Amino acid sequence: MAEISIHVIDVTRGIPAAGMHVAVFARPDEERRQVREGRVGPDGVVERSPGSSTDIVPGQYEIELHAGAYYRAEGIVSDQPAFQEIVVFRLTVLAESEHIHIPIKLSPWGLSIWRGR
Amino acid sequence: MAEISIHVIDVTRGIPAAGMHVAVFARPDEERRQVREGRVGPDGVVERSPGSSTDIVPGQYEIELHAGAYYRAEGIVSDQPAFQEIVVFRLTVLAESEHIHIPIKLSPWGLSIWRGR
Amino acid sequence: MAEISIHVIDVTRGIPAAGMHVAVFARPDEERRQVREGRVGPDGVVERSPGSSTDIVPGQYEIELHAGAYYRAEGIVSDQPAFQEIVVFRLTVLAESEHIHIPIKLSPWGLSIWRGR
Amino acid sequence: MAEISIHVIDVTRGIPAAGMHVAVFARPDEERRQVREGRVGPDGVVERSPGSSTDIVPGQYEIELHAGAYYRAEGIVSDQPAFQEIVVFRLTVLAESEHIHIPIKLSPWGLSIWRGR
């Protein structure tokens, strides 16, 4: 079985984006369904909510980060929607047993995502 | 009137991602419609196709980059869909007269996008 | 003759890092001498001080950004030296007529630099 | 005691930059001395050579990555020196017990470094 792990750093302050809401969706063609959901923990790793546990299989996925709500709650931006309200990262799980680690560096004005291994 | 300009560099070789197909969509709530469409030119700037010319007004937009097709055509990846098949960047145009420049640095394995000014 | 242009964005706020001091040094082997010096202007471009005008020729160069002083003056960090006090980017000018554009995205906690063309 | 860990990904192929030579220097004022030395391992983490083991204490450090030699050995660039021959990242260890993790995403044409936690 494959897995996707996500790590989110707020580069405006060099700290984990603790509390940011994150969801992962499977996208088999048009239908889209949530397979993971949780919040960024104090170490930057997205903690999975109980019950959000559909298996990850090869195919296309979409990660959504609720960046606007996070940066407003932290008092860093006030616009609603913010410049980056919901950040989307689409990826393909290519193989059955792949563990994909997605480290995300984020500010209200941009992002850097490069797959680690 | 606002404007969005896009510049795409292929960091696997340090060159403009010339020929990559790019589209911009407006996203007023659920309905999504294309407002710009074109290809990356030899200088890295997305050249607008004739006829793709709806006005840009404050609101939410989505940029789509056809990265998978580009990297397969260049012989750099073979997977279909690729790890990053279609890259999505969502942004909000906040003000009426804003010119938003989006420089994008891309490889098949990640991306870096930070709003310039 | 070659040229190096530099553009610096402060990603903590999505604005040009206006006022940041920047210098460029030539590094023929061990000896190092300054060939450019100036501050980031209101548009993010490093403006050259009068008199800082040695020709750029093929060879190795080093860009120094006084990031710590800038972020302390802006009230964003207080450490002295800061985590990134002076940022260094080393590059080689490969050809006689090359114009190298170096866009830099910076926070007190990291940076993203990808050569444009 | 503080520690610095380094992780290097080659974003031209989305793989660890295995075999790249990396050194860390302490920089108390003008004098510079090597405190760590090793190569990137198969998991992307810099493995410390036996004997390279001076303690890390608060102060300024400099990481050097031998990127040019790596990309020439991999057949990705041929220039010598390469555009990025030796990559330098300077940082300050601020506190006695700090563990600083430095994930580095690299191509021959640029880099992205954002401190994790």
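The chains carry the letters A, B, C and D, assigned in the order they are written, with residues numbered from 1 in each.
One rule holds in what follows: a residue touches a chain if its C-beta (ideal position, glycine included) is under 8 Å from a C-beta of that chain, and two chains touch if they have at least 3 such contacts.
Being a predicted model, the structure only gives us computed values, none of them experimental.
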Greatest centre-to-centre gap (Cα means) from chain A is with chain C
More contacting C-beta pairs: B-D or A-B?
A-B
Of the pairs A-D, A-C or C-D, which has an interface that repeats that of B-C (more than half of the contact pairs shared)?
A-D
So, in whole Å, the Cα centroid of chain A is separated from that of chain D by 27
Indicate the whole-number Å distance between the mean C-alpha point of chain B and the mean C-alpha point of chain D.
32
With chain centres taken as the means of their Cα atoms, state the distance from chain A to chain B in Å.
20
Multi-chain contacts only, two chains or more: what residues does chain D have there?
11, 14, 83, 105, 107, 109-110, 112, 114-115
Of all residues in chain C, which touch chain D in the complex?
60, 79, 81-92, 94, 107, 109-115
Which chain D residues qualify as touching chain B in the complex?
11-14, 83, 105, 107-110, 112
Any idea which chain D residues touch chain A in the complex?
7, 9, 11, 14-16, 43-44, 103, 105, 112, 114-117
